[in-house]
Structures are given as C-alpha cells and as structure tokens.
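Beneath this line is the structure, given in structure tokens, with notes to follow.
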Amino acid sequence: MTEFLTAAVGFILAMLALGLVSILRGPGDADRMMAAQLIGTGGIATLLLLGTVANLPAAIDVALTLALLATFASIAFVKKGLSSLEADGSASTETT
Amino acid sequence: MSIATIFEIVLAAVVLGLGIWTIVVRETYSATVGYVAYGLLVALIWVRLDAIDVALTEAAIGGGLGGVLLLGAAARLRDSEPTVADAPGKAVRVCAAILSALTAAALAGAVLVLPDPAPTLAPAAASNAWATSLANPVTNVLMAFRAMDTMLEKVVLLLAIIGVWSLTPDSAWGGRPGPRHQADPHSVLVFLARLLPPIGIVVGIYIFWTGANHPGGAFQGGAILAAMWLLAIMAGLADTPPVRSRWLRLVLIAGPGLFLVVGLAGLLFGAAFLSYPPAQAKPLILGIEVAMILTIAATLGLLLAGAPERSARQ
Amino acid sequence: MSRVPLLAHGTGDMVWLPIEESNMSGSSGTPDANAGVIAGGFWWSATSRAAWFVCLWLVLAGADPADIPAAAAAVAAATWTSLRLLEPRTARRSVRAIGQLVLLFLYHSVVAGADVARRALDPRLPLRPGFVAYPTRLSSGIRRNVFTTLTSLLPGTVPTGEENGQLVYHCLDVEQPMVAELAAEEAALVRALYND
Amino acid sequence: MSLLRDIITIVAVSAGAFFFLAGTVGLLRFPDTLTRLHALTKADNLGLGLVVLGLLPQAASLRDGFKLVSIWLLGLLAGATVSQLIARAARQGESAR
Amino acid sequence: MSGVTVFGLCAAAAVGLGLYGLITNPQPLRKIIAFNLLGSGVFLLFGIVGRRGAAAGVGNDPVPQALVITGVVVAFSATALAIALLLRLFQATGSTTLSNGAPPGAGSTPSGG
C-alpha cells in the first residue's frame, strides 16, 4: 500500500511539474496566474498522500494552509494582473 | 533504489527547476511567479523532512505572503526593466558562476560527509519538556529554551515596520498605507473576499492553538490571519488603518512588550531573564503567544501594505 | 437563447424584488417587514453561522474541553467578521432541493472532468471554443456570484464576466446545448436557496 | 475488510492520478489561455476529489475524514472562484490586444 | 543515496543559484528574489542537519527547526523593508538602477539582512 501511494505521489508531482512548465512558458500573464491554482490542487493532493504514506497526520494542516494561501496568492496575481492590464477602472486606484 | 527515493528525486528536481527558472528567466514578473511556486513547493520538502512546523511557516510566510510581496513590487516596477548596458559583462558572469559553483560544491560536500549520528540537541529538548508541559518540542524551543531569539525576532519585526514607515513622504505622515483598493461590489473577487476570511480566521486560530501540542503556532496562525485581512483590503471591503492610530501601535508592541515584561519578572523573582516558574509556565507561554499572534498578524499585514501613501482623513 | 421559465414550486408567481435582499425581511408575500422580524432574522442568521463555525472547529480540532477558550474566540471572531462582510438575508430554503442541487453539482463535476479528459486525450483534439451569452434572471450580486461559481464546474463552461447584463461563458464546444444546461442549473439553484 | 478498503483506495487514487494526467495533457495541448483554464480547473479538481475519496478509507478517525472532505470543499471553492477571475483577466487581455 | 542527501544536494544547488543571481542580475528586485532563494537553501541545509540528528522520538531536531522558523520571519521582514526602499526609490527617481555611474552590480544589494 505504501509503495503504491508513494508512486502516486511521485506521478502527481511529475504531472504538476509538467503543468508548471506549460503555464510558466506563457504567453500571457493570465497563463502564469494559473500557477498558484495548479499548485493549490496538485500540491494539496501530494501533501495529503504524503501525510498518509509517512503517517504524519499534521500534513493535513499543511494542506489546509496551502489551500488558503494558494488562493490568496492567486487573488494577488489577479489583482496585480488587472491593474497592469487596465489603466484604470476596477483595479486599485489611488484616491486622495 | 526504492520508490521513495525516486519520489524524492522528482521533488528535488521540480524545486530546483523552479529555482533555475527564477534566476535565469528574462522577465522579472515571470521570475516572481516562479518564486511563488517555489515557495509553495518547498513546503513539501519540509514535510518530507518531518519538520511540519517549518513546512507550515514556509507555506504561509515564505510562499504565500513573501511571494505576494514580491509580486506586488514586480507589478509596480514593471516598466522599469533595465537597459542592456546595466547587465554585467561576460567576465563577471563567468567569475560569478565559478564562485557559485564552488560554494554549492563545498556545501554539497559538507552534506555528503555529514557524520551519521549527527550532533543533536533533540534528546536534551525532549528530556526538559516537562518544564513547560507543552507537547510540541518546537514550541518549547521557541518559547522557553531559545526564548531570547524569539523575543528579538519580534523586535526585528517591529524595527522592519518602523523602517518601512520611515519612508513615508511628509504629506502622508501618519496616514494609511497603500492605495485604497476599489472593486466592483458584484465581482467574484468581492464574493470570495466575503466568504473566505471567516473560514480563514477559524483555521488561523486553530493552527495557533494546536501549536502547543502539535505542529503549528503563533507565526503560522498569524500569517494566515494577515492573509485574510489583506484579502478583505484587496477587495475594497476594508481599509488599512492610519499609522498614527493608537490602538494599532498598542497591538504592534503587545507581543514583544509582554515578552519583555515576563522576562524581567523572571529576572527579578526567578532564576534568570526569561525564566518561567514551572507551575505557571504553560499559562504564561499561552498569554505571550496570544499577544504575539495579534502582533504578528498586524505586523505582517502592514509590512505587505507598505509605507503610508494617503493622509489619514482619506 | 430563450429564457427558460423557472419551475414554480407551489409558491405562485415569481416576483423578483431586489430590495428584499438588503433588508433581511422574511419571505415575500407576508407583510412582516417590521423591526422585530429584522432583528430576529439577524439573530437567527448569526446563530446559524456560528453553528457552522463550531462545526468547522470540531472538524479541525476535535472535541476537547481544554479547547473551549480558543474555540469560543475563533467562533466569535469568525461570526463577527462574517456578519460584517456578508449581510444576513433570508430566503425560503428547501432541504430536499439543496440535496438535489448537491447531487447535481457532484454529477456535473464528474462529467466535467471526464469531458475535459476525453478532449485532452483524444488525438484529434475535438475543440470548438467560443463565447456564449446567457441571460440570467438572478439579481446581480451574491446570487449571481453563487450561480457563476456553481456553473464554472459545469462541463465545458467557464464564466468570464458580464456584458450588458448577460453572463458571458467560454465554452469548449459551442455546439453543445449550453444554454439549456445553464437554465436547468439555475432552476435547481432557485428551488434550493432562493425560492422567495 | 482491510482488503476492501485498500482496493477502494487503489482504484480511487489511480483514477485521481489519471485526471491529473489528463489535466496536464490538456494544459500542454490546448491552444489558448481560456481552453487551458478548462483543463486546469475541471480535471484537477476532480483529481483532487478522487484522491480525497481514496484516502477516506485510510483515515485514522471520522474527524480526519471530515477534515479531508473540508479541504476538498475549500479547494473546490477556491478553484471555482479563482478560475472566474483568471477567465475575466484573460478575456480582457484578449480584447485589449 | 538516501532522500535526505538528495534534498541536501538540492539545497546546496539553491544556495549556488541564489548567489549567482545575486551577483549577476542587474535589477534590484531580481537581486532580492535571488537573495531569498539563497536564504531558502540555507534553511533547507539546517533542515537536513536536523533530520540527521533525529532522536528521542522526534522526526527532526527541534532546535534547528526553531532557528529556521525565526529565520524565515526575519528574512521576510528584511525583504519587506528592501522592497519598501526599492519602491520609494522608484517613486522618487523614476528608476530602480543602483548604479549611478558606479560599476554595475557591485555588492550594494538592497536586501537588508
């Protein structure tokens, strides 16, 4: 069982790496924004499997943190992405 | 070679590949994105090294908040890509490559010749754990055995925020950090910023509370709370507080202040600076940690928000 | 792109009153929008949200009497934040319809994943991507956000924002009957949560 | 009993890994940003869901099982909302060009 | 070769990469990122040593772990300060070049830690 789960972790991790290659290559900012999202799902799956394999129940808490913080990073991506795509509008504007 | 080793090689290769991408890619924004991914994935290595406390810290502060900090700067500085003339010449590059390769090789050699039962303080930490009645050894080290480091680290946070604020232009002194974010109130961003923070608050306080006996603690919980606060700010649902606000300053010094008071009390009535009487060790540590999580959340959030840019009346 | 009539479940005509959203009154049709009911709705909403956060805490930390101070602080802070960020409102909810919605949602997310997998692994790469506009009857704001969030996991659709009051979806295959599926989803959502 | 649980785990985790594979193939093969977004959100979310389903029989307690499910729900909420934000940015980037 | 060694080599490589980026990248923001990469490699080395010293029923020596946690927070503070300085410089002068006729890339990194 442990061997099977470890192999699954390695496989998902390899898929995550290939996906990252495809995303980071671009061409646009919107592609790169998907990076945090990809790590959000793939990284959580890896952590959960890893926690079961190594019998570390606390790995679930790391997955929980990763879920929250990857979402936060995605939103920061979008926020910055929007402010650079649109000169004004719904993006962050300075009002004095 | 076992399956586990193959998995570890894959993980190391992915992380190292992201590191290379971060250094060699031409566009600064892409490099920053690569660094965020790197920070989030390093947490996996820490889990594999059985250091869950560090994994939580690295995921929250290293990858999450740190990445977002760099990302914001990259977006603002986007149009200031340097001219080619700025780049160092080939000779400098080659020298730098040789120097870096030598450093890396020396470190790799050190890793390879590490003595197998390495010198360790783990038994000492475990045998003295009774003194605090906390079950998480890392929290014991942070809050009792190496409490001085932790206190000074709070002071570093305080100094950093003072440094950031001292860059305020005169016109905005005492005002609010960062721009006022505005978002369409019907947008999905605002929708998520309404739903997620309450969940994040429960998770953050849980990570903090569980730190007494399981992996977790004030840093990790505080970082989650700071992220949720910043999410509400980015969606325009909340605003950064004016820097001159009294309660804000009180929160910022609460953690190191209480730490210092307890430490001095230890000097006056106990054995040494920062010594806790064993009977009250747990409540004292918990009290300091409650003050610390507030300080950490506020400081991390304000460090990300940056120097004040608007006058306080806005 | 016809507007599909919403399935009325015995509550007579559907009247959409956007003002109802903000003033937290009871269901439409009963003249009880006075202060007492507003306060009652507020407390009911606060209690139910606090109950959800208590459940979340119990799932995270387990039931341990020593945890009570931290749990109380967490639930209080979360409930306060939640009430501040998201104003309470009431609408008639049906447990059975919510269950149906959840099942429909699970079914759709499985079909969506399988659909994407089939297209990605097919050597011919069968894609006919394009945009489709969908005129929704849901009021702008939270309701529409809930709808787009649910439908972003429908097979072959990703909502990309609004234009002229219509939701714009990006579809992997524009020849699929997207609008009918979206209408069915909207009807299920209205039955479950917004049956006012 | 233990064998049955292990079979459930193996089947579900394999299926989850398959959907991660499909998502990555989609990311590599699909032509533009919005179609790739479909591949990322749909396939990976289902993959995560299946991995969680597969780990449920191995969970030490009922509470751990609930915890796993709530992590999946959180991931689902994040994926569903963030994908809309990215889609909006991508559409605006396209029309700006 | 055990897993710990693999990660140790990875950490050593991260330190080398960070050092190289710190010296050769002309842009201050890139220098900050490279510095963070270097720091992350050093933290990982701590983790390797701690893992080797695992004893007394703990998977990883708690003392290096606590030092790394402190280090991560301090590195974050230094990064935040450096970025605030950089943004202020950009606001005041409209450029982020450090070299004002001086040789490019010479040791004046803004990362204050």
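The letters A, B, C, D and E name the chains in turn, as written, and every chain counts its residues from 1.
Just so it is clear, a residue touches a chain if its C-beta (ideal position, glycine included) is under 8 Å from a C-beta of that chain, and two chains touch if they have at least 3 such contacts.
Just so we're clear, the structure is a prediction, and the values are computed from it rather than from any experiment.
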| item | value |
| --- | --- |
| Starting at subunit B, fewest touch steps before arriving at subunit E | 1 |
Contact clusters after notional removal of subunit B: A, C, D | E
| item | value |
| --- | --- |
| Centrality ranking, top chain (CA atoms only) | A |
| Top-ranked pair of chains - ranking by C-beta pairs in contact | B-E |
| Label of the chain whose CA centroid is most distant from the centroid of subunit D | E |
| Rounded Å distance, subunit A centre to subunit C centre (Cα mean) | 24 |
| Centre-of-Cα separation between subunit B and subunit A, whole angstrom | 18 |
| Cα-centroid distance, subunit B relative to subunit C, in whole angstrom | 35 |
| Where subunit A and subunit D are represented by their mean Cα positions, the distance between them in whole Å | 11 |
| Where subunit E touches two or more other chains, by residue | 59 |
| Residues of subunit D whose C-beta touches two or more other chains | 23, 37, 41, 45, 47, 67, 74, 77-78, 81-85, 88, 90 |
| Multi-partner residues of subunit B (each touching 2 or more other chains) | 4, 48, 50, 65, 74, 188-189, 191-193, 195-196, 199, 203, 210 |
| Chains grouped in pairs wherever the two touch, ordered by label | A-B, A-D, B-C, B-D, B-E, C-D |
| Subunit D-touching residues of subunit B, taken from the complex the two chains share | 188-189, 191-192, 195-196, 199 |
| Subunit D residues touching subunit A - in the complex, by the definition given at the top | 6, 9-10, 13-14, 16-17, 20-21, 23-24, 27-28, 33, 36-37, 40-41, 44-45, 47-48, 51-52, 55, 58, 60, 64, 67-68, 71, 74-75, 78-79, 82-83, 85-86, 89-90, 92-93, 96 |
| Parts of subunit A lying in touch with subunit B, wherever the complex brings them together | 3, 6-7, 9-10, 13-14, 16-17, 20, 24, 26, 29, 32, 35-36, 39, 43, 46-47, 50-51, 54, 56, 58-59, 61-62, 64-66, 68-73, 75-81, 83-84, 90, 92-96 |
| Subunit C to subunit B touching residues, read off their complex | 49, 53, 56-57, 60-61, 67, 70, 73-75, 77-79, 81-82, 85-86, 140-142, 144-146, 148-149 |
| Subunit B-touching residues of subunit E, taken from the complex the two chains share | 1-21, 23-27, 29-30, 32-34, 36-37, 40, 43-45, 47-63, 65-70, 72-81, 83-88, 90, 94-97, 99, 104-105, 112 |
